[in-house]
Every structure is written in structure tokens, then in C-alpha cells.
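A, B, C and D are the chain letters, set down in written order, and residue numbers restart from 1 in every chain.
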Amino acid sequence: MILKIDNLHKRFGGIKAIDDVSFTVNEGEIIAVVGPNGAGKTTLLNLISGFIKPDKGKILFKGRDITGMSPSKIAELGIARTFQIPRPLHKLPTIFNIVIPLLSPRVKRLTGGVGDELVRAIDILEEVGFERDSDYIRKPAGLLPHGYLKRIELARALALRPEILLLDELLSGLSRPEVTSILPLLTRLKDRGFTIIMVEHRVRDVSAIADRMIVLNEGVKIMEGTPEEVMTNEKVIEIYVGRRGELA
Amino acid sequence: MAKGRERIERLDRGIRARTRDMYALMSYAEIIYLIGPRIIPPILLLVFPLIISDPYWLLVMSYAAFYGVASISWDILGGFTGLVSFGHALFIGFGGYSAAILNAWYGVPIYLSIPLGALIGAGLGTLVFAPCLRTKGAYFSLASLVAPLVMIGVIYASAEILGGEEGIYGMANPFNDVQWYYIFTITLLVSFLVIRKVVYGKFGLILQAIRDNEPAVKASGINVVKYKLITLFISGVFASFVGALQAHRLAFVGPTFFNLLHSVSIIAMSTLGGIATIVGPALGAYILVILTEYLRILQDVRMLLYAIILIILLIFRPEGLFRYLERIYNTFERKVVEE
Amino acid sequence: MTSNYRKFGRKRGVSRTTALIAAIVVIIIVVGAAYYFFMAQPEVVEEIRIGIAGPLEYIHGIGHMRGAEMAAEEINANGGVIINGVRHEVKLFFEDTREADPTIPVEEGVAAITRLVTVSKVHAIIGGFRSDVVLAMQEEAVSRKVPFIVAGASANAITDRVAEDYDKYKYTFRVTPTNSTTLAKAYLEFYKYVKAEYGLTKVYILAEDALWTRLMVDNVLLPYLPLLGFEIVGGPTYVPLGARDMSSEMTDIINSGAELIAHIFSGDVGIVFTKYWSDMKVPALPLGINVYSQLDIYWEQTEGKANYETTMTDIGSINTPIGEEFFNAYVEKYGESPVYTAPATYIAVYLIVEAIKKAQSLEADDIVAALEEIGRKGIMGDELAPLGNKMLYKFTKNHDIQWGIDDPNKGVILILQQWQDGERIAVWPPAAATGTLKLPER
Amino acid sequence: MYEALVIILIYGTVLGFTLALVAIGLSLIYGVARIINFAHGAFFAISAYSLYYFFVSIKLNLILSIFFSLVITALVGGALYRIALDRIRGMELNEMIVTLACAIATIEILREIFAPAPLGVPTFIPGQIYIGTYIVEMQRVLIVITSVISLILLWLFIKKTKYGIAMRAVAQDEDAAMLMGINPEFMSMLAMMVSAILAGFAGIIIAPTQTVALENAWYALLNGIAIVILGGLGSLWGSLVAAFIIGYAEVAVATFLSSHLKTVIALIAILVVLVIKPSGIFGKHRELEERV
């Protein structure tokens, strides 16, 4: 058990964004958190990564209480995240987007500070699907197409050499071929020992790779189980009424 | 010799294309093209007193260098880190007052009071700005605008200790006009080199990343607040240093050191020259200071004309004069005859 | 491969905006150059060059300018000054310091002094208004060894420095207003007079927030008013310079039961004071300093709310038997009454010229020595300015102007002025009085 | 004590209303066009000087004088936007420096036209009323009444008229507004004119109680900025409330503590508020924004 979420609560004004959510994550798992819009998925990620402080509840990472720590401290401990709407360092060349996490204390500690950041950055970009000599690597990141921005997000998280990857709607806004090229990458990452928590809107896509799924609705955890269990659950289908197409 | 097809090529392109990052120059013209703009301005600045020895213009050029350093140091904050401070005068004032108190009250010699004043001033300024870091964007600008005004209020309220509006005077001023000119100008050149080193290194990369997208940097495991504080301090050291110099140069320091006008002039100069370029702010400082003094001959319409010129330049060259000049310079062309 | 170079690109050319900017820059340069060559006349040997540095866009600086102009015109019309047999004319150089605006840094003033000394090569400088700017300007002037006559700032420090380090600061003199301590003493004279004549004793102290007012209150008013038999029933209250609302202060005054308000205002806070004082029907009489009420337009400015408002005034900025020649000449020339900087600058020009005449030299040290002499011997002769005839101008050993309390034969006197039905009436000292003090009927 | 409270209530209210007029204008233009307008204080001065010109110099009647002054101020505001700001929208620093330079230019022009000394404008309605035993000038009553009226008019304009609604749309989401066929440039210019009129009106009604002086432009601007930070940028209600907080606080500090502390305390209060709640008292909830 690498991550334990315990009775998490968060309110925004009068809205309960997260209402008493608990679950655990084991090492090397892919967990998919699904739910309709406004279910509190992103808030959950923000809570884990420290961008928002919970009102109540605890988050334990490898037995250590990380509740209320700053985002950079949590990242330093080994929980990396991506953002739903990719916001790259738009004025900087793509490659420098990846150099930034390589300059963090965590990576310095892990690598002992040896090696050229630029070379490593190119390696990581290649891993997420950039071509080594592509123009995109030197272009300002702001000029890249949407699909590549998502890859930059992923590469930035990977560069941190995290233990847990938090992926916030990585697949949203991607075309079918792009999705099919990224999914195997995630499985590969899992095989390399990363623990992945992905928040996703598109249940079907993630069901293919997820080990377990957690369904949120209006801040409440509806159920937890294997993709098959979730896909056939009546309650889940009820929540997704009108979205059957997506489910099926 | 048979004439080939004529082609026009931009000078810089030829050089870059051949060399990627290493410069293998093929003619004197190319050498001059590359080195000229980097070497001529500093040389001009250094020989200026030999050409014009009028103490008045030396003073004006010292002021320009003073504002130049302040603007460059502002550029680390406003241009590179995205902390658009409207209260940079805070550092100038703290530096000036620290040096003044050290020298005039405790008799610390000038060569110690200035660097110490710079460090203390930067430290105090960072301390005051630290709580403002919680705010973002326009709020940070306005909060930082308020900070030096509070200091002016504090100085007025503690008139018996800090001298109120009559300030502190009696600091050592052992140099003559030419010496002061060189002190200010060399400070400018050194600051320029140091700050360039800082912002174009890995440290500067992180600062630019913070400007572009703060959450992403946080998510990359980098302590943003720590970097911002360090940046405030580095920027503050330079601004405080010239504040301390100015305090000794005028042998006087008063609450106007904290003035809104100081802060705003610095921003005007940086914007005019082009933010996030380092050279630009210094260029802007020289232009605006010399312009203000040059317009003296027009007596009472002076400030009006100053404002109008500033408006026109900012509207028609909004990206800053430096970038504009750079662009013009890069269009130097040559005819290449292909055989 | 042959190549040649062209400055601008093929199609690029010069864009319209570039042309516009270039045109503006060219116009500025041409205008400036033209000004330099045609307006700034070539240097003439027979000149006494006097620099005026002040906030030339504000009334105080305009006072500096006009006072100097009047004196220079008079002196030149009377044949100038003969130095070693050569006729010299007074020529004035003006530099703006913008110091009346409290947001302007001191650097501007320092640049003005440097420009006057090194570009205009003046023999002496007159001016100054804001204390901090004057202190910085003084530093610059003495380091360049040019006599600097302060005509507008009252900070004690300016002349205290002469006492502290004579050799360095001896180039500084002050004609008016006299230092804060003297102002405060004159203030006490007013109070003695009011107590003796009208029996008013309850005082509320209200001042603008500045170092000089604080020193005046702490060192003179607070210790000495009780000794003179006054009861301080409220204050001291300090009003910030930008204050636009004084209701709470007025309430406090009314509640304190004060009969007199010892007020000290040099900024436009004074106008706000008068309006609130009148609007809220404060029964106490303001007795003290309110610089703006020295202006003719004050009555109109305050719609007559200034009735009974008093202020300390200098000879020359109000029509009294002593300064009337200057006053009338000024009003005739400029159509309005002078501000205190005008007579100060006027007399300062005369003092410099007199000193030069006496020393027969344009060297700074000689001028300084002669200026010191002028005072000691009390030789302000008949040939000097009309204003000088009836009042002694003499510098103390700190280079401050000597104060004559109520006797113009012993030194400069300060006048208590009161607004009475649209007229400025001098009510004290008797030597200059044109009327008697009136109390508000409330 | 009781008396002091009454005074704070009366004069704090008067001060609060004038501050509110200035600050709401500043907030409005920030809300609609995201411009921090450093020339806002200049509007205050322009209208006061225009009033002086029409009312005192050429002795026009009061209503016409006020009307013309407001028209001039609005035109200057519109011109400022059209000529200068339109071209550099979105470049925040340029906008701020340009507006500041415009403020300097305006003040210099006013200085050239009018006397350099502060001027006075007579009270609009002479006389005074008694509130208990306290005398209050009719002019101050007038300030309160006209401020309330103009604030109500502003509210009606924003809530009910086509332009007001369009303006709010631009304030909320410029792109979406553009899709609805609203021209954000025009709305920004309109907002600038409305904000100029508000500041100008404050300058006009307060003129008789103080002076018509160039420095007032800076004081108005600084007060406005202080209030806007306190109330939250772009929040009109926040500005209104903050104006009264500052108004009462200034009078209270002056009454109970010392006048010279009032500016410092106001400024320190702002810093404290910013540290505790970085978006001002009524600023938007930051945490919600973080999600997007």
C-alpha cells in the first residue's frame, strides 16, 4: 500500500466537492477515478498533490502523513501530476519544459547531479512520443498542437522520477489514434513500476488498462472495483444516464 | 568571371546557418557585426568623460547609470520572474538609509557602508515583500506599490529618529564627479554581466518557468517561494547597492528615496527598453534620464513633452526599443552572388 | 563569392510609425539646438551671473523668479555694478527643481544646482523651497564652492551645518524665512500680544505633519506657552500633508474649549483647515502660520471663509508701511501680491550684488566674506533696494538672517496678518501695523 | 465618546461616498477591460478644473457647468482609450505606464492653463442643517444625496440597460461576449467613460469643501487604489464597502489616535488584508479558479 486516502472532505463555499472519500492504492497499480463532470475528480487530484488543502481527512503516502504539505514538497516526495488543461511554459522551448523538473532537488538527489539535463530531457521526450530530431523540441511550447501539449505534461511528470503519477484527464481532447498510442505507453510505465492514478471522463478507454476503478459522483465515492464490476454496476449506469454511449 | 544569380541574404542568417552555436566567422564584416553592438556601448560609456568633461553631464550620466542598475535589477523580478513590482523604490530607499545610518551614525567607512548597506537593504526589502508574495498578478503589483508608501509614512511618523522629511545627511562623499561617474557606470556594467549570468543560467530558467506557469513548477518539485525570495534578494542587492551609492553621492538620504516616482520611473524605463531583455531596461534608463535633462531647455512644457514622448514610444513600439532595434539590426543584409 | 552591404532590407523601407517617431525626435533635437544657439546668448565677460533654482511651475518658484527679475532689472537700469572699473550687469539663470511636488525625488534639485554651476557658470545661487531638497542642493552647492542663498526653506539644519563645519558650509546663507526656532519665537510674540490685549489663554495646537513643525511645537510651543500663562487644552495634533478632511480635528478643538488655535500650515492643507474651521463654526481664533492665506486669492478661494484667519507673513508680501515700495512695485508689475519667496529673492539679489560691489570680486570666498561683512556693519545703505531702506538685513554668525523681533532697525521682522472682510491687514508689530486684530463673533 | 461616534458617522459617510465614487470607477474599468488606470486621478482633477472654469471663470450656471465638466471628462476618458489604450490592449505594463504618462500630461496641461496655486469653488447650496447639535454644511448633505443618486443610476445602468448588461458580459468573459455579438473594445471605451464620469463627479461635488489642486489627482488615485485592493479588483460591491471601511477608519483613526497615522494605518490595513486574503475582501474565490 503506497497511498492511503482517509475520510477526505472539501467544501467550496456551499458545495461539497469531496465528501468523505477513502481508498487505498497499492504499488504498481493503475487506478482510474471516473465520474461525470463536477464529480470532484480534479479536486481529488488537487488534494492529493497539495494544490488544495482538505477541510478534514488524511492522506498517507508510504505511511507518512502528507496532508497540508505544499505541492512542491509532495512532488519532492515522489508524487508527480499532470494538469487537465495543459499549461506548458509557453514562452520556453519544449525541451526546457522538461529541464525544469530535472533541476528539482528530487532529481538531483536521485541522480547525484551527474549527466546533462538536456540530453536526459530529450530521452524523456522521446519516451512519450516526440521524435528525437523534431522541430517541436526546440520550438516554444506554446506553439505546439494540443496532443503534444498533453505529452509534454506527461513528460514533465515523468522527468521527476516519481513513484506515483497523477494524471488529470490525460486522454481528454485527444483523437482516437492519439489515445491508442498513449494507452500502451501507460501500460509500459506500469510495468516499469510506476503507480498511476488517472482521473478520466472516458470510462471505456481507461477500463482497458486500469486495475481498479473508483467512481465518484457529486463528491461521494459511489463504488470501487474492477473495470468489469464498474461497467456493469446499475448505479454507475444510472449516473451516466444519457451517456450510455460512452459507457458501452 | 561569370556572374551568377544574385541573392540577398541576412547577415545573421549566414553566420548562424554555418555554425549553429559556434561562431566560425568568415570576414571582418561578420566579426564587427557580431561584436560591435556588444563592445561599442561599454567602450563609449567608459570613454565618455574624456569626450565630455562637463560635470553636469557626468552627473546626468551617473543618474542614468543609477536608474539603469535599478531597472536591470527590476527586470529580474518583473521581466523574468513575473513579479511585476511597483515598489522597487523600497530597495533603493532601504539601501540608501542603511548605508547612511552605517556611515553617518556609526562611522563605518564608505567602502564598507555601501556593500553592507546593499545587503541590509536587500534583506529588509525581501522581508517586507515576503508577505506580498502570497498575492498574485495585479494584486502583487498593487501590494508592492503600497509597501514603500508605508515606509514613507513610517519615516514621517518617526521623525525624531529617522529625520522625517529632512532625512539623514553628513555621509562621506570623498569622490569627484569623474570618479563618481566611473563608480556608477562600472556598477552598471558589472551588474549587467552578473545579472545576465544569473538569468541565462539554470536559475534563470526556473525563474522564467515560474513566470510562465507557476503550478507546473510547483508540480515539478521546485519550491517556488524559495526561488522567489532568493530572486527578490538578488534583485534587491543591486537596487540597494545603487541606493547606497546615491546616498553617498548626494550626501543625503530622505523619504523621497522610497518615492512612487522612483518605482514608476524604473518600470517606465524597463517597459520602454523592453522587459525581459536586461539590456533594454538599461537602454530605457539612459533614454529617459537624458531626455528629462535635455528637455530642461524647454522650461515649463518639459514634463508635458516628456509624457507625450513616453506615450508615443510605448504605443508605437510596445515590445520595447531594444527588441525593435535588434530586429532592425538583424535586417542588415548583403548581396550574395552564387556562381 | 562577392558581397556588399545595405543598411535596410529590400521591401522593409521605413514604416510610417518609424518615420513619425523619427520626425518627433528630429523636431526635439532641432528645437533644442536652436534654443541653445539662438536663445542662450554667448557669454559676455561683464556679467554677474545669478542662478535661481526653485519649483518654477508653482507659486513659490514663480515668486523666486519674479523677485529676482525685479531686482535684476532695477540694478541693471541703474547702471549695473562697477567692479574694478568694469561695468557688470546682472544676468539670471533659472532652473526648475519641481520640488513643490512632494513626490519629486531630490536628484532633480541636485541636477539643477550642478547645471547652474557647471553649464551656466553662475557666481551665486538663490532659491530652494522644500527642506529635504534644499539640504541636498546645499551639499552640492558647497561642494562646488558657490554661494547659495536659501530663500524659502526654514529647516534649522541648513544653517546649523554652517556652525558645525564652517569651512565647508560657509557658502550657505538664508534670507527667509528664518529658521524654525525663530519662527517659533515670533509666534510666541504674537501670543504675548494677544494675551495682553484680549486675555485669551486656552490654546489648541494643530500643525501639519512635518519635521520643522514638530520641532517648533516640541521645542518652543509646548515648553514656552505655559510659561507665558497659556493653557494648552488640546493637541498637538499633526495633520498629514495630503489631508482632505479635518472634521475630527475640528470636533476635538470645539470639545476642548480652546479660544486660540495655534496652527502651523505651509501646504494646501491650510486651505482645507480654513474651510472646515469656518464650516464647522469653530469659535476659536486661529493664530499662527497658514502660508496659503498669504495669497490675495485666498479670500476668493475660500469664499470668504478665511475671515479672521491669521498668519505670519514676511515684510514685502503684505502692504505695510515698511515694505510698501516693493509691494506696490510688484503689484504694478505682475498684477498680484508677492508670495514670501519674491521679496526674499529680491533682497537676496541685492545682497549678493552689494557684496560683490564691496568685495570688488566675483570669487566665491570673497563674496561670502563680504556677505558676512554686510551684516556686521549694518551698511544697508540708501542706495540699496527700496525694501531694505527701512529694515536691517544682517546675517548672524550661522549665516541666518537676523531677526529684529518688533524693531525693523534691529533686523528682519515678521508680521501677524489677519483677513478682515477681504483685506489682508497687518496687526502686529506696531511698527508695521495697518489695523487691529478682530475676534470671530461666534 | 458619543460625540466622536456621531462625527465619525457623519463625516465618515461623506468621505466614504466620495471615495466610493472614485474607487468604483477604477474597479469598473479593471473589471471590464483589465486595465489598472493610473490616469483615474486625472479625471478627478480635469472635472474639478473644468468646473472651476465654467462656474467661476465664465460664471455659467451650476447645472450647466457640472454637465459640461462631466462631458469633458467623459470625452477625455473616451479619447484616452481610443487613442492610446486601444492599440496596446493586453500589455499590462504598457497600459499602466501609458495611463500614468497620460496623467502626467493632463496635469501639466492643466498647470499651463490654470494658475499654479490651488483654486477654490464656491459651495453649490449655502447654509447648513443641524443633526442634533451638530452642524453639517448643506454641501455635505448634497454630496451624500447626489452620490446615492449617481450610485443608483450606475446600478440601473449596469443591471437594466443594454449597454450595462453587455459590459457585464465583457467583464465576465470577453471571448464569450464577442461570440454574442458584443464589441469588447467599444464596451471597454464605454466603461472608461463611465468610470471617468464617476471620478469626475466625485471631483466636482467635493471641490467646494476642499481645494481644486493638481495634487488632488494623485491623492484620488492612491485612495482609489487602496480601496480597490481592499475590496477586490473588479468587484464593484467590494469597492463600495471598502470605500466606507476606509472612510470611517480614516475619520476614526484621526479622532481616536492621531491624524498623521491615518494614511499609514490605511496602508498597513491593506497589506494585512492582502496577506490574509490575497484577493481582497470581496475578491473571487481563488481556489475555484485553480480548478480551471
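The rule is short, and it goes like this: contacts are C-beta pairs under 8 Å (C-beta built on N, C-alpha and C of every residue); 3 or more make two chains touch, one makes a residue touch a chain.
Remember, predicted model here, so these are calculated numbers, not experimental data.
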Label of the chain whose CA centroid is most distant from the centroid of chain D: A
B-C or C-D, whichever has more C-beta pairs in contact: B-C
Centroid distance [mean C-alpha coordinates] between chain D and chain A, Å: 47
Centroid spacing, where centroids are CA-atom means, of chain C and chain D in whole angstrom: 35
Distance from the mean Cα position of chain C to that of chain A, given in whole angstrom: 71
Per-residue multi-chain contacts in chain C, two or more chains: 57, 102-103, 209, 240
Residues of chain B touching at least two other chains: 156, 215, 300, 303, 316
Where chain A touches two or more other chains, by residue: 51
Complex contacts: residues of chain B adjacent to chain C: 8, 11, 29, 54-56, 59-60, 63, 156, 159-160, 163-167, 169, 173, 246, 250-252, 254-257, 259-262, 293-300, 302-303, 305, 309, 312-313, 316-317, 328, 331-339
Parts of chain D lying in touch with chain B, wherever the complex brings them together: 30, 36, 84, 87-88, 91-94, 96-98, 100-102, 104-105, 108-109, 111-112, 222, 225-226, 228-229, 233, 260-261, 263-264, 267-268, 270-271, 274-275, 278-280, 283, 290
Complex contacts: residues of chain C adjacent to chain B: 1-10, 12, 17, 20-21, 24, 28, 31-32, 35-36, 39, 56-57, 94-96, 98, 102-107, 110-111, 114-115, 117-119, 130-132, 135-136, 139-140, 143-144, 155, 157, 209-212, 214, 240
Complex contact set, residues of chain D against chain C: 3-4, 7-8, 10-11, 15, 111, 115-120, 122-123, 128, 135, 137, 206, 208-211, 213, 215-216, 218-219, 250-251, 254-255, 258-260, 262-263
Residue numbers on chain C that touch chain D, as the complex places them: 57-59, 62, 101-103, 209, 237-240, 242-245, 247-249, 251-252, 255, 268, 271-272, 275-276, 279-281, 292, 295, 297, 300-303
